[in-house]
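Right after this note come the structures.
What follows is chain A paired twice: with chain B in the first complex and chain C in the second.
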Partner chain A sequence: MRHRPRADTSIPGALVLLAAFVGLVFMVSLTVGGGDYGLRASLAYLTGRAPPDTAADIARIVTTLRLPRATAGLLVGGALGLAGWLLQTATRNPLAEPGILGINAGAATAVVLGISLFGLNSGAGYLSAAFLGAASACALVLLLAHLGGTVTPLRLILAGAAIGASLYGVTAVMLTTHQLAFDEYRFWIQGALVGASPSMMASVLPGLIGALAGGVMLARPLSALTLGDRAARALGHRPAWIRLAVVGVVALASASAVALAGPIAFIGLLAPHVARWLIGRRPIAEVSASILAGAGLVLLADIIARRILAPYEAPVSAVVALLGAPAMIAIVRGRRSRPCSTTGSGF
Partner chain B sequence: MRARLTGLALVVTIIAAIPLCLATGPGGLSPRTALAALFGSGDGGRVFLVRGLRLPRVCDALVIGAALGAAGCLIQTVARNRLATPAILGINEGATLAVMVWVFCVPGSGLGPWWIAPIGALAAAIVLVGLSGGIGMRGFRVLMIGIALSILLRSIVDMGMSVLAVNHATAVYNWSLGSLLGADFSRLRIAVIPVTLALAVAVALGRRLVLLGFDLTTARALGADVQRDQWLALTVAALLSGLAVGIAGPVGGPVGFVALASPVAASHLVGPGRVPVLVAALIGALIVLVADTLARVIAAPNEIAAGALTSVFGGLFVLWLLYRRTGEIG
Partner chain C sequence: MWIDRWAPHAPTLVFGLLLLCLAGPATAREIVDATGTQVDVPEQPQRVLALGERDLGAALALEVTPVGRLDGRGMSGAPRYLGPAAEQIPSLGQFLQPAMGRVIEAGPDLILAGGFTDARLIAQLRRIAPTVVTSTHDDDWKQSLERVAAALGRPDRLHRFMQRYQDRVAALRAELGDRAGETVSIVRWNPRGPMTMQRDAFASQVLADVGLSRPPSQQQPGSAHTRPLSLEAMRRLNADWLYVGLLDAAPEAALAEARRSAAFRTLPVVENGHAFGVDGALWTSRGGPLAALAILDTLQRTILGS
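== the complex of A and B ==
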């Protein structure tokens, strides 16, 4: 670990580069897609050089289809990157993330139950149902991993997989028994940015901003917690409250992401690893980098999802899993030298 | 002796359960009339309901359950971990993917043939062992890599599903949930032969695998060819679970409740120091039989997939195991 003075508030160059990269991918995301207006025509439009007869068409496609989608990608990715960083830091487990731990599944199941049993149909309703589901799943998985013995990464992952499987069954039962239009939910339940409407984003935005603010405020206390409870207390932090706040912020961030785009796994796994690789041990810069990396990864995956099976569209979650599952395998294999069980947990 | 008595009791229970399962559901049959219809007496509608619709489901359920129970017993013994099942390790997903690939490669074929699934399962098992550097020594690594592998394979299946036309995707989606609705004898008639053969091998293997219950050095000293037994057991288990997927889709659910719970229950019934493959197979058959019957009536008039039901129970069972048996799951 590199030792840096605590007062170092300069913005690392890597963070600036990452932000620039996200901006670039965002622009590319506006230019890629099906239809007659590919990269060249879209670029011409964006730079104001489109021929007047097609400008109106392109404008409609870019502003009503691609812009909301790219914005949703930005929001969803940022939220998942934040949730993943908080979970990995809080549990000291490099595999912890809202998808693998079943938190996204909790949010998704709560939304499906809300729609089919209580007739929810507003963005705020989806978000509150998703928040309830995510918070319960998050609390449950951390509690179960903690009960009945020491918390090993394996116990945490298995508890998450088990909760995820149970909820998957519940969702499947709801989808097959209630004549919810299966097609309408086919993409959402798999995780995709297609359905995210501007009004949906507007209703999710306050929650997301709250989660981001909470996450950045938690970054420093949380890294103090990695030194152990006693050291954290000596530094003036209150461990129990920090953990409660982590559960709340993680649930809010995952719930916003799921309400917008359905459950997407692995972004929360990959983004913090990218952030640690780029930044190193500086909590606030690291969490910012994780948020940016998450946004960049989702945008990138969404671009791939649009092109990989053209003219069809792949669910973005499947593309992310194609990148993320090998990363998970590599992380597990890379830990060969250290036995897994020695990595304790903050929870 | 205890094992034989347990097995006998299970066989009696299953035989007693069959008329009940044939009678349950719409149609207002009693076990007695259902049994009569099974042997061809009663009006034509009833005979068709029992012989044409419900009997194939019961037979499918018994065969699949037995295959999954035996496969789970072998894999748990080899991986030395109660949570190792063909579903968690990605072997079932390999089988599902193989069926999916067939749908793409042979247009207009509906679902893939039953024999393509065990090939996919075997391939997934080989990839799994290759990635985790051997099975058995490091149970936790095999499990974690298995979870990652199953997510990876499922995402490929998801991608394929999004390409298939909507109607077709609904059919494949329902199949991928693991449902016995619409079962007929066309797949089972041939698939039952390899299942029976593999079950016989599995039962014979169970006796040899008892030695693997010791630590590996002791097992070698007692004369077990550990490596060969592990590979043999894994191959047979992959074939069995692949065959089950090929017959009716992943009925065991994403954590493989049947393969998970049957061996645990079997060990409790038979007592320590044995690898109760046959008893686990019987319990598995009973579980799938009950799950399929429940799936038929629990949300009547709708029918839900048995796999959805087993996945709910499977998740809860894993949580219970995590809470109770810290020693056996690392």
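== the complex of A and C ==
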């Protein structure tokens, strides 16, 4: 790769490569599935060389099953990558992410309550409930972490874990006392891309676009904030408003992801690390990379989830956790040798 | 903690135990239950609790009306196929989760706890009344029924019921003629990944009695259901006949729900009109004697009626 001068307006080569990689994984996910049509048959269809007796079958599978699923993976992963980057940057905590901080659990619990108590059944309904739940959980976790003075990274993570665990308790109770769509719902609460319908995606899309735009707009002010509130104010930013906007955008992004695919952890944790590793210190490119990395990771995990137990489905969240847990341990161990980053929090 | 849940009922419990001690065992029989435990049961039990999934149907089939039951698997009531007779029996809690206070208040002289595996829960029940674990996970419904009959002391009713079942089976087998040998797909519907019942599931056994079998794609060992199937592998649901159920929905709703999937609609068995919505509690659960008769009814109505 050619070495470019670091002007902030240029698009880093790493970002272009990452985008190309996500495009490639997206194409691969159109050719892989848990049924009878693997790579070869799918490629034959995509290049117009499928035998006529199976063409209709493959066409149906690619367009009605794989395409929506891959699109959902793109949206869900991108949303989680965005939420993770915003949280990690805003709290200056390398472990912050919507899964670990209980924000996904907040969204999921609100959707479950909405379904069982108010009979929610539309995409917009799911998204509204998920947004309320995510925003409340986010606010609650930050509040809890602030109780008793200094916010340490550990205190934030513990507050998130506590909120997450309590909320999963609530969903478990709802699961045993309400029998609404019992099997389907159990599937969703585990986190899975299958079943994210085009109509659902369409109703979530406006919120997601808003979150993406908001996230990119917040990238630079948020980076200024890492220099400290006074420096940020001197640069013309308003710290309190930035933080409020971060909570709003994180809640919207997590809520969209949960409404589509249920709670999926670790993506929001890993994507920003990949982004920082690839880009580093260029806020807008970095947040874009985190969004792309999240999308790529979810698509990759979903391909594994389709094949690992084929012809049966494995929940994508389980695959993600399998990859994410070791990565989380590596991050924690890596940080221990660099004590400067374990002090204080921006929130 | 169970102790917290129990604490409010401690006086009732002590009182109940005292009463039991005072009453003393009436003439008792000794039987061995599915866990290998020896249990002294009353000669003619009067107040029976049918807590296990198969116990309620078994007791009713043996013409004993229990004084308490639990809700069905994935249901907020008794299984629909058992009808109003079962629904009128007071519920003592959710599936596999008896509320101990209500169990004590019911004043049982015999508790049937088929399918219970929680040793602590079983020990608690044994302190309230003689408790017979009438089935383990691997038992078929006939073994479970025999154990319930032994606990209730009703060998004559067992004989009568089995005779009735065998007669129905023989008649249906004769009517099926060369159709016996056809394959039957049993599906527990889920829009995100349907499941099929495994080879030794309850409904499979009833099918086998009349000479029907499961298709080659549905021969997974086990008596429960498979993991969710990839929507791309829907062709594995095909067979000569297909029955699709949801635990918590009416038969018609299950078929309508499944038909929303294009892959399901285009299965040859569905296009041929050989797919039927059924009660999930009958076809995709652990069943029992009355469920077995109901399945024979459905087979008669669908395969011979079409």
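Worth pointing out:
Please note the rule applied: the second predicted complex is superposed on the first by the 335 of 347 C-alpha atoms of A that agree within 3 Å, B and C clash if a C-alpha of one lies under 4 Å from a C-alpha of the other, contacts with A are read in each partner's own complex, and residues count from 1 in each chain.
Definition applied: a contact is a pair of C-beta atoms (placed from the backbone, for glycine too) under 8 Å apart; a residue touches a chain by one contact, two chains touch by 3 or more.
These numbers were taken from a predicted model, which means no experiment stands behind them.
Placing chain B and chain C on a common chain A by superposition gives a clash between them. Note on chain A: of its two partners chain C and chain B, the one contacting more of its residues is B. Once the two complexes are laid over each other on the shared chain, residue contacts for A:28 go to neither chain B nor chain C. Legend: residue contacts after superposition of the two complexes on their common chain; A:61 is shown touching chain C, with no touch to chain B. Legend: residue contacts after superposition of the two complexes on their common chain; A:195 is shown touching chain C, with no touch to chain B.
In the superposition on chain A, A:313 makes contact with both chain B and chain C. Chain A residues in contact with chain B (one complex) as well as with chain C (other complex) are 176-177, 182-183, 187, 309, 312-314.
Within the complex formed with chain B, the chain A residues making contact are 95, 100, 144-145, 147-149, 152-155, 157-159, 161-170, 172-173, 176-177, 182-183, 186-187, 190, 265-266, 308-309, 312-315, 317-322, 324-326, 328-329, 332-333, 336, 340-341. Put simply, chain C touches chain A in their complex at residues 74-76, 94, 97, 188-193, 195, 226-236, 246-248, 262-263, 266. Within the complex, the chain B residues that touch chain A are 83, 88, 131-133, 140-141, 143-145, 147-149, 151-152, 154-156, 158-159, 162-163, 166, 169-170, 173-174, 177, 253-255, 299, 302-305, 307-319, 322-324, 326, 329-330. Across the interface of their complex, chain C is touched by residues 33-37, 60-61, 64-66, 176-177, 179-184, 187-188, 192, 194-195, 306, 309-314 of chain A.
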